[in-house]
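Each of the two complexes below includes subunit A, the first together with subunit B, the second together with subunit C.
Let's turn to the complex of A and B:
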């Protein structure tokens, strides 16, 4: 955390409303994402009491099993979601953009992950075969849950994360998990400060974990539903019996549904940062690889090796570095932490010496020099490697000298290449920073891992514990 | 002499608590007390045995704690399953994981046949002690499993009872404590946060068991430093058991037990004539009156609000409001607090960022803040409520 954040928290307090931590929007938002809002029953981890999904504030479908702890009822409701999700996600319904899923918070993310874990490995043959749609739904959810760990990914947008990466509030991290509170701090209603607005909004639960009161209200409804259906699960029997439960969850879902689209619209109004496009392309590529592999009938890869873990870790680290670099290069506000940490220098170009030569190991080579005049004292060590934000993927510059020049400081940088690159011109205001977008060194791993790094295979199985005849009560 | 002193404290604490709802210290209350040891108010409440969760009931600062009835029943159902066929599911797990010989294994349910009262708990504690004595002595009729063992111990000057889910033992093996939880273990993993909380509870039971084993003449090392965590496996309610090593948690639990008695010392520094917890908790009184009383008490005792309090303390919203009013950085969290050492309010931070002259100890931070604010102002103006409203009108 940098002093920019500290200063902006203080500004947020004084102004009574949240401050932007970015001038631009650093996440891609498609024109027509799929919104999803879910609710759990109590702490039941592997099933949903309600799933709402749709493409806009007015466009919402909902699946309510009535008794989510009953395998048949729960799977039937989820199959409805799965059909519509799969058709859209796999592109069968003619969407004109790659799919993007928007959910309110991390709780929904974890629930999707757990549902994926339950559904992806269900047997589609045997005594109680699962609907293949359900299994594919699970496989897609598993893919998304893993993709979420990739820094800067945009296939799944959890709004609390989207907002907290673009706004600075006085809310603590824990309070920022509440989308209603976060939204209120950003857009407090008339006559209220951010704090007052967030305080009154934080009581609104939008799921997926129900509050005690909400579950106390649905408890008698579920009990009556179970009493009236006996042990029967046929749709014709249960559908007419569960309307009260559906009404309950419609109310609960609506608390979050409109909010979700409103928050999304507000973020969409900010200009998109240029770096977003590359990251979105990465997401789309990952998605296509996943869909191809599912089409080929693949089951989820379950063999985890140390080599794979090392490569995955490297990919995530690279993605994180690139994300930070692109955000800083795209957005002057995001560059400030680097300036504060003396990892970047800003100034006006006063001299460019393209003809400068230095003695190399064999012969003298051309090493152009760029000199900046900085208003602020430059605390950069000599020899530090920096990249010009104009060419962040090109060869780096090295800090050569830092000398006072009147009220200003002159910083001379040497470009470590003789090629005819674009370089800053005299009179231009420029930024040099440690942020760059060139590829990192490839990771070299032995073909045969040493004995220390061999691991037994762990196969993933269905986690369905069979239909317990006694049920859950 | 020491005794007389301690009695005087007890009298004062009782007077302060008055008729506020009582909370006996169980393992959770101890953990909560330990979580914010810097908070005088929390220590005082702990020593006076006041239930903070109910203190601000029916005021604007009420914090809704409580469990969904479904979650509660899930836990109960799971526990009942473990008791079936004379605890057969548990013994099966003990055989698989710890090599118990389960032929003729005996289980004792200490949750049954005792009153839900202080006397009942006292008797359960005595029964637990007797069973553990026989286990230590290697008696042939010693039980192998105690369901709902109760440990009695003096905490901060009064007798408290701690109810452990399970104690498992077999002759020639270490004695284990067990925790039963209804969150699932999938692919050998459970939610690490929940496991962490369960393990700090279990560590406390290990310590209490060690003390008990020593009291009945055994070697304290007979109590295993590992805890058994029994949870449902995967999506169903089939139990699974994980053996968790606890060294670090046990050290921590030991420190908590050592710190607990000092909670009472706070009362020495308090003047007479303070409002009582009874007044604050009194539902028949006006809310303003209750909050005024609390404010007066807190002003004298002192608190230490951190955002983490919101997850565990019934007074958290009240303290947050006070912290917000004075603008202390701790309202936002530890990250901010560490960035702003020696600066007690965000208002001061804003002034320093604007270029106010810093005091000596503020200088390093002030330079950074001012530089950050200067760089920020070159790039974007501060967003104000007016901007927001103009903008909203323009778009609507």
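Let's turn to the complex of A and C:
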């Protein structure tokens, strides 16, 4: 919990409206993302009872299998989704931007993940072959579900996450998972406070898990559908029988559909932070690697090797550090928690000593000094490493002294490099912080696991690194 | 008369000898685990193991998670094995501090250590050098603080030696990551956040385990609280009751010191005091807690504290660098540092639990992790953090919290995530550890505002 967050929650309460936690928008939003809203059947987490997809509030398609527990009906409906999704996602339909998917909440994310797991490994031959489109759809969903764990990724935007990283409301984390409540707290109707608006909106369910009432309404419809179709599954038979179920889900889907595009439009109006572009490029690169891999017929392992898990975790740690650093450097409001936690210092440069030299291990070396005057007492420990926000990828500075100077405090930092380098100038107002964007050292991992990481009795050859490397990643 | 409980010490020495014999006698691709409670003398046992391995003319590497731990091992081993040379293998930005250099220590890059017999370095450095082929394998690898080492560190050094001896303290803070989705692999063999010990036991369940039944740092008064953190692990203090003593000069001066004196006069003989500030919801760097801790330190030294123990049998003054304040957060540390400096206590150590792991002090003031919280979370409930705070002291520990803290772990524990294939549940274990510690400290509770 940062102090700023606590203060802003209190302010949200006092003012009766949500507070921005960022001056800028820290996520990339494409011009024409794909919106998706899904519903599952009550206690059937691996089903899609309805999938809606489209590129705007007026552009919506929907697939409803009628009986999602029936493999044939379910896969047929999903194949429809898969065809349009794959064509767009793989770029066959000539999209002019890399694909971005917008969904209302984490629940939809988890359902996409589960559907991916169900579809990606289906056999495409044998007695009941699955449509290859369906399998590819599953593989794409697996890729996206894994990508979502990458800090700062923007290929999939869950709106509840987008809103809660940019707004501070009185809602608890659990309450903030309701997009209607969050939206109402951010943009309450004129006569209501954020609190009142959120309270009345949180009863609106937008899926994917249905409320008891919604499930009780659909249950007799599905029962009647099954009774009338007997065991038939042909499209010509079932299509006319499922219109009531379709009507039911259309109504449910539209609750979320309108909300989704409205929230998206509101966030798009904020200026994009400069660091967003680098992260988007990273996403696009990851996407292209994925598409190339799938085009070559590659599949994904269900389990990581030790080395791969280790490298993935290291990449996530780096991505998380870069995300926090870029947001703080881009956005003064995002730097405040660092300032309050003594992880950053702000002041006016009063002295720059470029000629300062110190005795190194072998000879004397040039180590420029920069001195700031701060209005408040600086609690930065001596020896702490800081980076100037002007050059966050360059060599760090070290806090050398913190001394009182009249009403102010003078903080002297030593730049740990002698190279000619952009440095702050006297009179400039500057920020030094723990945030930096330099690359971390690579980890040296042998491809073959050491004996400590191999099972004593069972050889785990099947998933060891290095074998059959062409076919699997 | 010996200040030590000779039976306890003898049993512990036998366990250490057995563990070392098992490691030296292990067949290829076998490891031995030695688990010690806080202050169990792990590092000393490592030194004993190095001695035994050298007597068999084996080439040995000693690896630890952090540089500071490696420095301490270099000087510790060099002092005990004066006829051997101890080689510190430094990372590129690190050099062995002067205070850890000895006549028989050298510092050498990995590629020049081919002829050296005792190598000490961090797991990352030794693993990196080995992975690049610049470090020749050794006969025996000793890992200290193996419960702090994660699976990735251990992966890097796994093939460095065919036999391992892992020493660790199971009560300390577990490996952590800043990556938000790190439970991605929980329950799976490839989980990078498993400890080195967990990895070994998952893959080699037959590995011999030895539990050191001793704490050399803690004295008998501290053992009941410390046991809370080591379920199923019996241990006793090496020193006899009453050997360690902290005495304060008579309380004189203004009445407002009465409360502080009551706390100190309770802690000095009993080894514990649990000071409770009035109930209040506060931010992490609670000014009242800071004020109270600084006042306690000031009053402690006003009372001219003297100590004696098994090592220094005659009375000596308690020095300010023998006192530490343990906190949970860096901003608590920053503000406390400033306040203590202003009060003239530059030498009193202030640090977070993570940084205090492995260190010893005479008196510790522990800022309770739950102090003034509105609800518990994974970070604050972590039993490792509380364990580190409450097991650093040789004489006395004063816990500073707020009156409602104990209510945070009353009743039914919250739902915590669980993972198939992973039996630990830090949230739940922390809940119960906190509950038992509050109960164990009940007799030492002194509430501010109560009549004392």
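Observations
In this section, the second predicted complex is superposed on the first by the 450 of 473 C-alpha atoms of A that agree within 3 Å, B and C clash if a C-alpha of one lies under 4 Å from a C-alpha of the other, contacts with A are read in each partner's own complex, and residues count from 1 in each chain.
Just so we're on the same page, contacts are C-beta pairs under 8 Å (C-beta built on N, C-alpha and C of every residue); 3 or more make two chains touch, one makes a residue touch a chain.
The structure presented is a predicted model; accordingly, all values stated were derived computationally and were not measured.
Superposition of the two structures on subunit A shows subunit C clashing with subunit B. In the superposed pair of complexes, A:332 makes contact with subunit B only, with no contact to subunit C. In the overlay built on the shared chain, the residue A:233 is in contact with neither subunit B nor subunit C.
By the touch criterion defined above, A:340 lies against subunit B and subunit C together after alignment on the C-alpha atoms of chain A. In the superposition on chain A, the chain among subunit B and subunit C reaching more residues of subunit A is B.
In the overlay built on the shared chain, the residue A:305 is in contact with subunit C alone; subunit B does not reach it.
Shared-chain residue A:216: touches subunit B; no touch with subunit C. Looking at the shared chain after the overlay, A:87 reaches neither subunit B nor subunit C. Of the two partner chains, subunit B is the only one touched by A:174; subunit C is not.
In the superposition on chain A, contact is made by A:3 with both subunit B and subunit C.
Taking the listed stretches 96-104, 276-284 or 438-446 of subunit C in turn, the superposition on chain A shows a clash with subunit B for 276-284 alone. Overlap of the subunit B and subunit C interfaces on subunit A: residues 1, 3, 6, 340. Residues 64, 66-74, 77, 182-184, 186-187, 233-238, 307-308, 310-311, 324, 327, 329, 331-333, 335-336, 339-340, 346-347, 349-350, 353, 365, 368-369, 371-373, 375-376, 378-380, 382-385, 388-389, 392, 395 of subunit B are the ones touching subunit A in the complex.
By the touch rule above, subunit C contacts subunit A in their complex via residues 29, 31, 127-128, 131-132, 151-152, 154-159, 162, 164, 177-182, 184-185, 188-193, 196, 199-200, 203-206, 283-284, 330-331, 334-335, 337-338. Within the complex formed with subunit B, the residues of subunit A that make contact are 1-11, 13-20, 23, 41-47, 114, 117-118, 170-175, 187-188, 190, 193, 195, 203, 210-216, 219, 269, 332-333, 336, 339-340, 376, 458, 460, 463-466, 468, 472-473. Across the complex, subunit A meets subunit C through its residues 1, 3, 6, 149, 151, 303-310, 312-314, 316-317, 320-321, 340-343, 377, 379-381, 443-446, 449-456.
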